[in-house]
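Chain lettering (A, B, C and D) follows the sequence in which the chains are written, and residue indices restart at 1 in each chain.
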Amino acid sequence: MKQPIGFMGLGIMGVPMAANLLKAGYPLTVYNRSPAKAEPLVRQGAILAPTPRGLAESAEVVIAMVTGPEALNDLLWGPGGAGGALTTGKTFINMSSVSPSFTRQLAPALAASGAVLIDAPVSGTKKPAEEGALTILAGGPEDQVRELEPIFLALGKKVIYCGPAGQGSMMKMFINLLLALMMEGFAEALNFGRLGGLDLETMLTTLSSGAMNSPLFQMKAAHLKSKQHPPSFPLQHMAKDVKFIVDTAYELGAPLPAGQTALHLYRAGVALGWGEEDLSAIVKVLEGMSPTVATLACPCAP
Amino acid sequence: MKQPIGFMGLGIMGVPMAANLLKAGYPLTVYNRSPAKAEPLVRQGAILAPTPRGLAESAEVVIAMVTGPEALNDLLWGPGGAGGALTTGKTFINMSSVSPSFTRQLAPALAASGAVLIDAPVSGTKKPAEEGALTILAGGPEDQVRELEPIFLALGKKVIYCGPAGQGSMMKMFINLLLALMMEGFAEALNFGRLGGLDLETMLTTLSSGAMNSPLFQMKAAHLKSKQHPPSFPLQHMAKDVKFIVDTAYELGAPLPAGQTALHLYRAGVALGWGEEDLSAIVKVLEGMSPTVATLACPCAP
Amino acid sequence: MKQPIGFMGLGIMGVPMAANLLKAGYPLTVYNRSPAKAEPLVRQGAILAPTPRGLAESAEVVIAMVTGPEALNDLLWGPGGAGGALTTGKTFINMSSVSPSFTRQLAPALAASGAVLIDAPVSGTKKPAEEGALTILAGGPEDQVRELEPIFLALGKKVIYCGPAGQGSMMKMFINLLLALMMEGFAEALNFGRLGGLDLETMLTTLSSGAMNSPLFQMKAAHLKSKQHPPSFPLQHMAKDVKFIVDTAYELGAPLPAGQTALHLYRAGVALGWGEEDLSAIVKVLEGMSPTVATLACPCAP
Amino acid sequence: MKQPIGFMGLGIMGVPMAANLLKAGYPLTVYNRSPAKAEPLVRQGAILAPTPRGLAESAEVVIAMVTGPEALNDLLWGPGGAGGALTTGKTFINMSSVSPSFTRQLAPALAASGAVLIDAPVSGTKKPAEEGALTILAGGPEDQVRELEPIFLALGKKVIYCGPAGQGSMMKMFINLLLALMMEGFAEALNFGRLGGLDLETMLTTLSSGAMNSPLFQMKAAHLKSKQHPPSFPLQHMAKDVKFIVDTAYELGAPLPAGQTALHLYRAGVALGWGEEDLSAIVKVLEGMSPTVATLACPCAP
């Protein structure tokens, strides 16, 4: 029989992830600060725990998918917190986005009561979560990550072992840095071409037939064509992530010349009021530094 | 019967391109400053012209694929140059990399003797040239670009119409700017991950399973793994291209915050002696600004 | 009679500052973690307190000049801390470098026991401290800052009122940002001139006769001539300060394009092992990105 | 008796400079494309030459102060040009802003007819020109620069020998790079302080009492206080100069990380329509990337 799982945090990501665990046949207890979110899962067979502690007592594997370190600390060490109930033999998998250093401090705190910590942030957003197509970036003792693979493969299509606890978060930062740079570079190149008299559609066609093509560009092209930026990854989250990456790079001594430039631009996007739009709205920061009458400067006159 | 073509410039790109025109059944005259390069093509049926002028007289469509504006000016206006022989009814297709403004000045010079100018730089390097898989970025009168499509499709897999003469070059700059930014971003993110204790192979695996994946990264990964950077696109060419893009952006008033940062880094790569290596050697510039003992600063200690 | 002062923190800055208070006739109690540092002051008439609390009980005005927020927290809230003894009618002047937000949190904590908080970081280093020539950047209730002016003028030559508690620190960040940018700009321009074949001495002469001259450049010129960078302001402190400024700018939404570039370069200086040299060693980061044989590229051949 | 001088180019700088030569007692011939500008000088004793050639024939030392390389080429090699008349024994002093490479190409062209070339751009604008208080940055054979010192000291207060012909221009670029960086840094730091709740006047007071003070900041403070930027050095000239410096740095392999950032910002200032205002208008580019309601983000709440 499959081991009982407790799942805390029923947000945009958590609900479909928990549903996929149920579908895969895991006995599931769930917890959420506002219990209404749990209803559809309860209808599918999940048990609703009254407190994080109750959840932790009933499960072998406890998964958290919340908004950040504060929410996580609350679930673990707040009133009715799961912390003390994470005893020997239990595993705590944190899939929320926290820093490697937060994770490294959490590991011994959990070890004190006997539990093993796995950090497992994901690459992918709402849609891959629903389709069980996330990529799991796992850090922790390697043998235990391997043992948990069936659970991870109920949530995603791939598990990548990244090293000791904390390295899952480090990998997520690597990927998010590349995301920030590619999106900014895409916007900067398109704005350059626009001012040089190129047609947006034609630029996208050219891009899609060469070696620089990428699913990211295909996904964001629609935003750039429609000049609408409905958020799948809000610009202000990107700004916050890049800030965190730049902070980490500072600690590591890693040079981030383009990363620092990108941080400055994403932060300006937030300052100018576009933080809740998709990160593709970074193009508006570049447009705001451009001449308004492009054609006057355009070199493509007949 | 297919129209007779003249092809000038038998370098790394020119030889396979000319061979593909022969294979497609076009009567072909060729010219190269050092005629030895023409031998394999002559064996395949090409005629060797003694001068650019001779070549232009014998062909309806004249194609040039040389190293830049100086070489092109020589072929057109030097002793025995093709210029005067490009009379009414003939078409001159420049596939060499030159600036939009050079092209815009060339168009009326050719129009004086009756010829039409098409600018048609390519996206793709040696291998796509051999396989007839280039992308042709064409600028000039649209109907004439359409008429030339059979010729272009002997050379490449796709023709993209970019606008009036000069806009083919502009499109090439758009693509090369994105190339410069993505390669630098890739190197910067990998160096960040390395200093944070991540394994290179694992970073590449993670990248290849997400939305930021790109053929470019797959091609350059081998360089980064082997720490060898055999040139398919030399770093010094990238530096020169980015300089030219930054110059064009200056004229247009287009903001290039990341482009300027990238120029600085590629130029440093040349200054430090890595200009003849592949552009992937940009990673060495970032490594040179990094602490040498990464592990001391690494946050991944157990 | 002058009000009794307690002075905590007898480092490079603290000792001469305390001595100047004695010279000005203030009854002075001092405290330092390692009491040996207090000896010369005791010989000049100061009383050594056994604990911060003892010091606070004996003084009306308590001044702290320690290395940062941790040390300050220790003095206030650690065992034998001054915190509880800072009762109604007493004033606590923090001259240590801390953040505006630290200060803003400290103010109500002190208000709870009745004391008023003034933040008063200084502009100037060891020599101005000895000569009583510091500039005091004071934040807090304006009338109380005015009342304390005689004390400040025993320590420095000028008091600048910057606003509510916290704004003294903000002003110090403003000045330190300009310092970081000017020093980096100076180094960047000199390295550019050097590669262009200009003589260092002649560049400095030219600079000193124009509108960009500044005492800073005069002070640092000797370092650049001798290629020795004895620390009066260590590069790693500059890096840390710029990091803190960039963090604050992020919170404020203030664009820092040059500041971010400077952070990257100072941080690289630390990563490359020059953190304990003077901030003028930033020039070595730029030299490390420069061609080693400048003359080959130099345009000044006869 | 003093040697006869010919002065070409009677613009904002040229008129007061020529007047100072007259005052110093030099026999003076002048030339200007539009001769009306010469009237006040003729009234003071200058002779108006009908052509540059006529001027060159009548003078031992010929000075040019025109707007750039095109105007200079016209005066020398256009119809009635001075070029052929600059024979053995004559000296040609170019005080116009041109590139080192232009100067290095000009030297042998003049040597062909026997004349010696001195390049002598100036540091200083209209007011120092009127007061004879310019700094002369002289390049050319050192003994001949020394011989010309009396003439230079009629125009300015100081002559700085910079090396062979071309190095005067190189020195001017060094100084202008520092100007660009200091002005941008000043604007960036002030905008940061403003968003952090500091008072502009108080920031300026703090700056003026520390080691970073500079006549430049004192001159520009009025612009920042009044939010008016009457041009003494137009922003678009600064942008053009920085572009030229960045181009030269590219040739030299000199890293310009802050210079490239500054170029991007000055260019944005031109793109946004502020090119004809003083370079201090760069602050508006930074303000445009800042939140409009500073107080919401401000950390200085009571």
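Simple rule for what comes next: contacts are C-beta pairs under 8 Å (C-beta built on N, C-alpha and C of every residue); 3 or more make two chains touch, one makes a residue touch a chain.
Here the structure is a predicted model, which means the values were calculated and not measured.
More inter-chain C-beta contacts link the pair C-D than the other of C-D and B-C. Relative to the C-alpha centre of subunit B, the farthest chain centre belongs to C. Chain copies subunit A and subunit D are related through a rotation whose angle, from the C-alpha fit, is 180° to the nearest 5.
Centre-to-centre separation of subunit B and subunit C, using mean CA positions: 53 Å.
Per-chain Cα centroids separate subunit A from subunit C by 39 Å. Subunit C and subunit D have Cα centroids separated by 37 Å. Residue positions 253, 255-257, 261, 264, 268, 271, 289-291, 297 of subunit B each touch two or more of the other chains. Note for the complex: subunit A touches subunit C at residues 243, 246-247, 250, 253-257, 260-261, 263-264, 267-268, 270-271.
Contact residues on subunit A toward subunit B in their complex (touch as defined above): 100-101, 104, 123-124, 135, 137, 157-158, 160-164, 166-167, 170-171, 173-175, 177-179, 181-182, 184-186, 188-193, 195-199, 202-203, 205-207, 209-216, 219, 245, 248-249, 251-259, 261-262, 264-265, 286, 289-291, 294, 297-302. Looking at the complex, you find that subunit D touches subunit A at residues 257, 268, 271-273, 285, 288-291, 297.
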